[in-house]
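Remarks on the structure that follows.
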Amino acid sequence: MIDPAWVSVLSALLFTIGLWGAFTRKNAIVVLMCLELILNAANLQFVAAAIQHGDANGWVYAIFAIAIAASEVAIGLAIFLAMYGQHESISLDDVNLLKH
Amino acid sequence: MKMDYLSLLVVLPIMASIFLLILTSRLSAESRKKFDSSIRMASLGITLVMFAIAMLMFLGQIGDVDWKGIAFNNYEFKESYVWIEPLGIEWSVGVDGLSFPMVWLTTLLLPITIIATWNEKAGATYFPLILMMGGALIGVFVALDLFMFYVFWELTLIPMFFLILKWGGKDRKYAAQKFFIYTFTASVVMLLGLFTMYFLMDTQTFSMVEMVTEANGANTSGVWLGLEVQKALFIMLMLGFLVKLPAAPFHTWLPDAHVQAPTGGSMLLAGVMLKMGAYGMFRLPISLFPHALEEFRFVIMIIGLISLVWGAIVCLGQTNLKKMVAYSSVSHMGVILLGIASMQPLGWAAALFMMFAHGIISPMLFAVCGAFKHHYHSMEIGAMRGMAKHSPWLATSMMFGWMASLGLPLLAGFVAELMLMVAYWHAYGWWILLPGLVLALTAAYYLWSMQRTIFEGGDETQPPESLHGEPVPDIANSEKLAMLLLAGFTILFGIMPWIFLDMMDIWTRNAMIFLGFGA
Amino acid sequence: MDANTFDMDLLQTLGPELTVFVGLLLIMIIPNLGNGKFRIPGTQIELPWFLGGTRYKAVSSPRLPGLLAVLTMSLALIQVLWYLLETNADGSRANAVANVISSENGYEIFSVNLFSRIFEAIFFAALLLAALASLDRLPTGSVKSNDIDVLFNNRRQADFYILMLTSALGMSVVALAQDMFVLFIGLELASFSTYVLVAFHKETRAGSEGGAKYFIVGSVASAVGLYGLSMLYLWAGSLQFDVLAAKWATDGASSLSMMALGFVLVGFAFKISAAPFHFAAPDAYSGANSPVAGVLATASKAMGMLGLMRVLLLITVPDSAAEDESAVWIGLLGVMAAVTMTWGNIAALGSENPKRMLAYSSVAHAGYMLAALTAIGAWNWGLVDTGGDAKDIVVAALLFHMFVLVFFKLGAFLVLGLLEMEGGASRLSSLSGLGKREPLLAVAMFLFMISLAGVPPMAGFLSKLLVIMGIVEVATGSGSLDSLMDAHWVWWLALLMVLNSAISMFYYLRVGVVMYFHEPEEGREGPLASGVSIRLAIAVCAIGTVAFGLVGGELIELCRDATQYLG
Amino acid sequence: MGTTTDIPEITSSFTEYAIFIVLLPMLAFPVILFLGRLFNGNETWVKSAKEGGLIALPIMVASFILSLILIVEFIGSGTGSHHIGDWLSFGWIGADGMTIEEKVFGVGIYIDHVTVMLLFVASFLCMLINIFSIGYMNTDPINDNRNHRFYAEFVLFCSGMLGMVLADSFLWLFIFWELMGLCSYLLIGFYYERPSAAYAAKKAFLTTRVGDVFLVIGLVMLWNMFGSLDYSVVFNPDNIAAVDSGELQMALGMMFIGAVGKSAQFPLHVWLPDAMEGPTPVSALIHAATMVNAGLYLVARMFPFFGAPSMAGELVDLAFIIAAIGGITAVMAAAIAFVQDDLKKVLAYSTMSQLAYIFTGLGAALWLANTPGMEEYAIIAFGAALFHLFNHAMAKGMLFMASGSVIHEMHHAHHDLHHHDDHGDDHGEDHHDDHHDEFDAQSMSNMGGLASKMPITATAMLVGSASIMGLPLIGGFWSKEGIIANTWRVAREEPLFWFPAFCVLLGAAMTGFYMSRMWLKTFAGKPKTEVAENVHENTPWIPIPLVTLTFVSLSSVILAGMMFTHWSSDSGYAFFSDKGLADGLIYEFEHIFLNSDAFFFVLTYVVIFIGAIVGPGLAMALYGGALKEGEKAKGWMQPIINLSARVNEKRGFDNSAWADSGLSVALKERLYFDKWYDTAMLKLVAGFAVLSATFDRKVIDGTIKTIERSSQKISLSVRKLTTGSARDYIMMAALGVLVIYAMLEVMI
């Protein structure tokens, strides 16, 4: 079995990529995907920790987190759609009517 | 049931004011005008009732108080009610020789202010605001609970803010905000000092009486809270009061506020509100931190001197009548600091009497300024000359006020100045030349302004340009009445200063003994 | 209590939450009631099942969802207040014992106590006032016709209030949770609802933009928070509060736990809009409609604060053995507090948009609250030598502050909301001449402003005073100092706080000046639209602002009693 | 300290009512003011009450009578005081730095020789002035409808003067002193519409105020030494023995500066000539005859300090300074008076010069008092100075009233003449106005030859001038002689005093010149203008005081015989001295004309020679002249006029060269003092003030404004960080995550 530590490293990697992507990418959809990466990093960690600690709760957390991620995407897409309808763009840099 | 007259003096005007304001707020501007005079009469009536109560208190008809027999840290008409229980905050009121003259003065000035500004526009909101102002001011003077004191301290800002904002001059927006923010800033620092003190003391009480008791108990055997802490707290507390006073270099809010404020606002601002600073100094830092006071007495003296001299010099360079009078207030308030720094009962009594005398004289000055503005549509010195011809009443009032302010004997201001000089020489010797210089400078700027307003010209065929050919009427009867009243009291307290000076004197003597400066 | 048994006890214990839940169902169902029929397949028998079809007149009113929401929220609030205020015959609190709802294996899920109920009161009060204010706000169209417009309106109304209720539900879960993950679920539920609420005006550029930004930044923050939770779980093997606290007490200061703590903090810091996680807040506030923005600034912020308190005060509890090492976050929090309050105030200084100004002021208030938390931390770790109840004062101050904030912060937003009904409140000049147009409304707004600034005798003064008092008490320690320099450094936070109050005076007063000094904008001279319910809400806020300032004693008492249930 | 001297408390006598001497006029002030305001223009008010004049008169008469009674009372019982009560009481931490004592400022009446002398002068002159004013003020149309203001201010002034004299402490002296200052300000500025009057009023108040500041400081110092300002305390030799002489000298010196201001001595003399802007000549009279004496009175009050045994020889420096200031002013003022053309200005400078004489005399007296072994001379010198004060007040009062009479009649004549012209002149009103403005009724260049037209006035003027000049046997002769002799007496002991001694000697000659010049230019020679030819003496009320005072001045020989000199300075002398009138006269004559000391014998004749012969002789040579043909003055004046005409014709020199010299110009410019002071005030003080005001606005307030303005800029730059792009927000948050992480890791 893989040492859970490696799972943590992987999840940290995913987290970093996700966070990095969240503020380097302009496309809102891509940002949403990066968000999923972060959430999945958390899921991975939950599962790994559950194995490590022999605690079933971690699995439940992961399942809940997946549900959350799903609804997040749903909401996000809806909002971005509305945004696109108004701004004709889903580039986060273009949508800057509100500032200062 | 025993009446709690002091609380009544605080609550009555504020409640009445809120009631009147709500009453008229639903009305349209036109129908509100119809209510102006009845609201004015109601306000006047309330203030007269307040004055009557204060007068009866003084005469002993209410409470039968021996005003000259109040020991330090003892209060008359003392009443306490639980207010905010979990914090130990009480609604606690009481008066002593320090606060009662100020309470009396406030109740006196309120009706006079209303009379002097009888025809102020939008009276339906103006007079209630004056009432609210009065209630808040009295609240400051009678509060025996720190929280209550602070609440009223800040509450005075609100009606004044609106008085300036709504009835003020051209730059009223700027002035009102500056006034509010400047004094607010200083008082929040003071508030922090108060809290720090609160938690450093043993009894942890908001009650000023217990606080002073504890402080004194510790101060006689050592230094309460330690000298360093005492000094730090002293500075924080004094900061709030110095700005309010105002002392140089924190004085610049005052000219702006005064110049822009309406006459009634100026009268109360100069008459009572500035005195809150001096009152607070005596009530808190001086009573609590005598050791710090001794450490800082020279600094206070220097600040006082700077205010005194600087205020006078700047006065001389003013061309705006009201600004000049405002700076003269700065100058006079410096006297209070000098009195405190003299560390003599006499000097303290001088400071207290200066508060009182200036409280009567400066409203007159501002009433004159207001009338001047009202009649000549200008505040510039020299815009109107030969006033003695056009408006003898105004000219006479002006001259009287000016003379009173420059310390003419047998008028109230002289007594304080004389006492101060005596105490000051004893404490600081030849530094007295600077206050002496100010006596001359004060005369210089007042006379200079009179030369250019009352005297010279007055040929009726050449009215000032700002009038645009309108006739020049003299002041209205209500204004005359107000001026006469103020002048009468100025003379009364100039000839018979002991009426209130005696109780102030007893207070200062007891305070000195209590604080360990005398035996 | 056993969570598996669904009985009257549970009903009673979770009454408010269930009320909200039922209300939620009702809002979904009732507007859809009609003469819809269900044909049994294969037969011609049509059974009426009352959903769809031609809707009944009685339920087709577009106002119905709003009224239902208000009713639900009121019922919930009343229950919460009842819980809070119920007393025994001898005057002691009837609900002095926490009701813990746990699974069979001792896994604690919810705990019903004064502390959580106070937060619920805050949430419900804020949402109730917002819902009440929104009754007049959303376009309702003609009530009489039941064409598609009405349906559409009806639909949107229902959506709006459903989201309100879901956020209420989410928030109450946050309040009750005894487990970090449960708390997180509640947080997400509330967050998702607010994301959509912010973007509710999707037909406008500002609305969709504000919603999008709020969503994207908020999601990232909560994702980071979730990642932090996972690390916490990795470290401790459980997300139960008591387990975490026990673990922290033994080896709290590990690299992993610190990293986890940091990430979790981020999730909550976004909710309370602490710097540097506050950037989306002004955009969201100005994009959202005013009542929603008000909810963000009060209920949502209180929710974030609650999370912070749970994490920082419950989990990282003091432990004499680990004294110095685990006191790590107070320095961090102190810096964050200082930066946040100063940033918020300075940014608000020149802001021309009242909603953004209020948003920045909300940031500043977050800074004040963080300063209070810092002081609690300093006390918790025994960094200051003080006995007694110094911590309780600060916690009570925080509770009190958040409670009264509902009145004046939300109140201010509601006034803007009333202006929005007329045509926008995005410029300071929208407020101009309000003193002439609506004297009472202007007075209310002025009261809110000076209360925000902390001028007596408003509630805002008392709350700020309590916070400062608490900080100073912690800082001064046992009461004997050689000089003020010896006071704990949180004292300087108090100083910074009062100075910031003074700065804030400037922009709060400016609102007053604009209302009373400036002439109304052209075309906006007369009185505002009459909205009975929103005006009622504003009146409640104004009365609360003054009343809690003058006689806040009872509430302070309550808050102080509640502090013991923090952990 | 604090013990009082053994001054008997007079309880059962009239002293208790002495307060009414002060109170009556003080209370009349508001009455007249308000009645005047109420009935302004009312016919009864104008005709019967003389716009208040006839309300003031009984009051002043009552005051005078009360004063007389008091003086008689005093002669019966001697020095006394009546303590009315405590004005203020206050706590004071005394010498030990701990004990709080009770101190008081009292109110009361104090009566001694100096008091009664001044009291008589003040109340008597005030009454006469009141009579004169009714004649003068109420007949000038320019004063219509504002005479009530004049009378109100006048009675208040009198109350101040009388109060100052009667006060029993330096404090109340100062209070009434200031009250007088106020009234003089109001009276000088009576014609408020004239810029020059407004300017003069301000100048007078400010200049005296400068002195007053020092007076206050002096009083404060004195209070700190004695713990009281009551005469009964501070004059007690025991108390004086307890104080430091250096400090006392400093305090008295400060007070003296106050006296310098009030009595218009160098260098605070500039206000007095300008004060002639007041209603002609009444306010001038007030300034010349009464108020200016306040400074002298103050210095005279210092006598007990100098006489105290413990101070012997310690205060001589101050005595010299007083004498020297007097000496300088005497010569300077006299010199300026040489070139004045304005009748009242001459008198003003003459006043200044004569007051300087008294100061010199007082200085000498104080020196003598302070020098062991000279005490007996001190009394004489002191008496001489006080006697000169008396003589000068009477004479100068008369001179001013006479000059007023002249000016008044000149005005009337001018008015009548012009009115007459109008009938035959078509130029009309314009002409009237121009003419009116240009004609200066006060200029001596417009007068001449009035001796025949105004006999009473000319006589009064003559006697007054003679008194001031010190013509033998008349008025001021006795006292001036005494001052000069005693100054020289000191000079023989103390070389420093040569300076004031020479000054007063020179001054005597100069006085002779300028007084003669004035009289001759006005009354002798031919009328220089048409107006002067038409002058008549016909205003009611005016002659009464003139005649009265003429007799008083002439009769000062009797006072001399009554040993006034001794009496006024020492309570040891009864009024009619033990010698009796005749013996007293003989004693005085002997003492002056046949002094046993050769030095003083010679000195007397030198003074007589230069004062009565050289000075007037020169004046006659320059300004003498016969009256117009056919006009004849009264018998006692005609010879003088004739003599002057003869001297004038025979004069052997021409003065036109020096009349245009730099010195002459400088004198006309009043030695540039006014210019320098104005420059100092305007350029330095006002300039600095304007600068300060700018500094206050730009720097002190500017700091606040800069903070305010920059806060907006900072706010904008902070808000700019909210770029609007969600990416930036996330990046900031990520940075925040990093920072948090770093901080936590570092702290752990």
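Order of writing sets the chain letters: A, B, C and D. Residues in each chain are counted from 1.
Operating definition for what follows: contacts are C-beta pairs under 8 Å (C-beta built on N, C-alpha and C of every residue); 3 or more make two chains touch, one makes a residue touch a chain.
The shown structure was predicted, so the numbers you read here are calculated from the model rather than taken from an experiment.
S.K.: Return the chains common to the contact lists of chain C and chain D.
M.R.: Where chain C and chain D share a partner, that partner set is A, B.
S.K.: Tell me, please, which chain's centre (mean of its C-alpha atoms) is farthest from the centre of chain C?
M.R.: Between chain C and the rest, the longest centre separation is with D.
S.K.: Which chain pair shares more contacting C-beta pairs: A-C, or A-D?
M.R.: Higher contact count goes to A-C.
S.K.: Whose Cα centre is nearest the centre of all Cα atoms in view?
M.R.: Centre-most chain by C-alpha means: B.
S.K.: Counting in whole Å, what is the centre-to-centre distance of chain A and chain C, each centre being its mean C-alpha position?
M.R.: About 25 Å, centre to centre.
S.K.: Could you tell me the distance, in whole angstrom, between the mean C-alpha positions of chain A and chain B?
M.R.: Using C-alpha averages as centres, the distance is 64 Å.
S.K.: What whole-Å value do you get for the distance between chain A and chain D if each is reduced to the mean of its CA atoms?
M.R.: From the centre of chain A to the centre of chain D is 98 Å.
S.K.: For chain B and chain D, what's the span in angstrom between their mean Cα positions?
M.R.: Using C-alpha averages as centres, the distance is 39 Å.
S.K.: Which parts of chain B, given as residue numbers and ranges, touch two or more other chains?
M.R.: none
S.K.: Can you pull out the residues of chain D that are in contact with at least two other chains?
M.R.: In chain D, 716, 719, 722, 724, 726, 728, 730, 737 touch at least two other chains.
S.K.: Touching two or more other chains, which residues of chain C qualify?
M.R.: Within chain C, residues 212-213, 216, 220, 224, 282-283, 506 contact more than one other chain.
S.K.: Strictly by the criterion at the top, what is the full list of touching chain pairs?
M.R.: A-C, A-D, B-C, B-D, C-D
S.K.: So in the complex, which bits of chain D are touching chain B?
M.R.: For this pair, the touching residues of chain D are 37, 87-93, 98-100, 103, 171, 174-176, 178-179, 182, 185, 189, 192-195, 197-199, 201-202, 205-206, 209-210, 212-214, 216-217, 220-221, 223-224, 681, 685-686, 688-694, 696, 700-701, 704.
S.K.: Taking the touch rule as given, give the residues of chain A at its contact with chain D in the complex, in rising order.
M.R.: For this pair, the touching residues of chain A are 19, 22-26, 31, 92-93, 95-100.
S.K.: Where on chain C does chain A make contact in their complex?
M.R.: Per the touch definition, chain C meets chain A at residues 107, 181, 185, 188, 192, 195-196, 199, 202-206, 208-213, 215-216, 219-220, 223-224, 226-227, 229-231, 233-234, 237-239, 282-283, 286-287, 356.
S.K.: Quick check on the complex: what are the chain D residues that touch chain C?
M.R.: 708, 711-712, 714-716, 718-719, 721-722, 724, 726, 728-730, 732-733, 735-737, 740-741, 743-745, 747-748
S.K.: Give the list of chain A residues in touch with chain C in this complex.
M.R.: Going by the criterion above, the answer is residues 8, 11, 15, 18-19, 22, 28, 31-32, 35, 38-39, 41-46, 48-50, 52-53, 55, 57-58, 61, 64-65, 68, 71-72, 75-76, 78-80, 82-83, 85-87, 92, 95-100.
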